[in-house]
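Pasting a structure here, questions to come.
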């Protein structure tokens, strides 16, 4: 029960974050196709952030399936993750409005980096709660994706001051790397429910 | 379980989309009846979009009742559908503010078209996951509504450059065609729960 | 199951409506107490609308407890109710910004009237689905509150053009009349769950 | 069932409140680091309010675990709590925009005070519903945190007119005092689920 309410609250917050981002796409004044042009970069950044939040929801969903009991640490680690994810609309809107300039691109990377860190902390809080035979620990394995992502985000943050196209390429590449749902966990849970 | 969280998340996103659309109806400055007049076209477009989102929620609800296991493909097909539906508030607000001008009307049709395509993809992802005896496949049958809708949206997009009244008429007509809930699925599930 | 998803969706929409209303209370520029003064009427109208939406959620909750199966008619009657409730933030914000002027007060009454009508339609859709021994029909009884409210709203709409204080008094009075939760339904369900 | 819908609705409202607060952090025009500076105080106030709402959600979650039946009084006490919590985005945004000036800081304290009072009322409504052997009463014990918090908020409200840094320190200190989840309740429920 504790877990189902944690899931419900997280789903609610994620659903709201993913949806209010679209409010950053301001309805243009005037009806021509040319009026739509300035909205286009906001739209692109919206797609990328939608992908990232979809990935987080998806992996969060798989991760919590292995979780049997919810401790205070897990509750707060989860809220900490939601906090960083809640900054997506701000970072997304700022990028869209400034056509992927250096500082907004770096900030986007910082939000991604902190969210990745928060996800890692939540993962470890769940593993710690499951003791030595942790199902999640087995499922996660060497977790190369989880380890390489923050490194890539850090590279992209630095690169944004050289060229924001490098950072953009990194952000898109990491998203595609994660798009494949976490089959490691799926494998461990096989037969049960995925 | 996987399915119930998919439903909960989809419900959350749909509930937010359907509700934040109303924020596009900006509170007018001044208290006269004449101040309400410019809000009227926004109100009309809000009604139509509310109907469409209601139809999507309703049919989504019926479709998922036939779904027993949630695969990664279904998860992403569902997120893809939610993505296009999340563009309703933008398309609705732009139309309302420009009194159904050509380009906004065409854009509205594009969003409808893409959402219909995304729905069709989700439907096929579920059918594929159910194997040869797919309950949903039987329920859907020849799916004439699902096939004719994108064609009509495409016609309406083209027509919007002739007269946006034609497109408006098509959008309203398709909505009413769908207002009847998907009784095909209901029929197959009969006795169970509808 | 069908019913639990209907409840979840309705809860989601109601939770969003009740919460985004607070966005109509715009953060004032400047930090003095005098800057807070123009927010006060918006705050008052927020309290009243919060009460009304709380009452709707509460009674909706009791009403659905008697409902065993969800038909297509119930689904659409429920969406129709949510549509009118979704206009609360607009009507509330317009009133707050114009200090309860005649036309905004009349519009508020129109929204209340239509929501009451929609609630009545939903109630009848559920009763119709339950056949001659309808639990809800017994529970509702002569439904004097449901019958007198639209009459009072209509009076308040007309009165708003004489004095908006009369309408305000009627809206507040009707809210307090409903604040008592629907004990008729509670009584019939006694012992079960309330 | 009554309880699960109460939880779902509360979760929805809390999830929305915690998320729309981020909308008060307006995307700055221009892409420089200097443009980010004025957002910083809003960010700080957002962190504090996020913590408070996380604490409320967490304790609300523990408190409702002890609740077996939902009475009309509990429903309304819960809505009353949600009402005061819904004012967090307004109070947070006003503080952030005015760099923690005296009146906004005092108002923040008023919202905290009223929310604490509303929480206390809800707690007592649940205890009253459980009769003499109330599980929650045992769990809460002498409730020193619940008693000292409103006193501290009142002190902070008064202090804000001397120096808003004193109030800020008090608000932060009280938040950290509560960050430890309500282990009293956890202890009573031990073995069950936390």
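When the chains are written out, they are named A, B, C and D in that same order, and each has its own residue count from 1.
One rule holds for everything that comes next: contacts are C-beta pairs under 8 Å (C-beta built on N, C-alpha and C of every residue); 3 or more make two chains touch, one makes a residue touch a chain.
Everything quoted here is computed from the prediction, not taken from an experiment.
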Problem - Cα superposition angle of chain A on its copy chain B, in degrees to the nearest 5 - result: 90
Problem - Same-site or different-site touching of chain C by its copy chain D, using the half cut - result: different
Practice task
Express in whole angstrom the distance between the two chain centres, defined as the mean CA positions of chain A and chain D.
Solution key: 26
Handout entry: Rounded Å distance, chain B centre to chain D centre (Cα mean)
Key = 37
Fill in the blank from the handout: By the touch definition above, chain A meets two or more other chains at residues 8, 12, 15-16, 20, 23
Exercise for the section: Quick one: which bits of chain C touch chain D in the complex? Just the residue numbers, please. Expected result: 7-8, 11-12, 14-16, 18-20, 22-23, 25, 27-33, 35-36, 47, 50, 54, 57-58, 61, 65, 179-181, 183, 186, 193-194
Practice task
Would you tell me which residues of chain A are touching chain D in their complex?
Solution key: 1-2, 5, 8-9, 12-13, 15-17, 20, 23-24, 69-72, 75-76, 79, 82-83, 86-87, 89-90, 93-94, 97-98, 101-104, 107
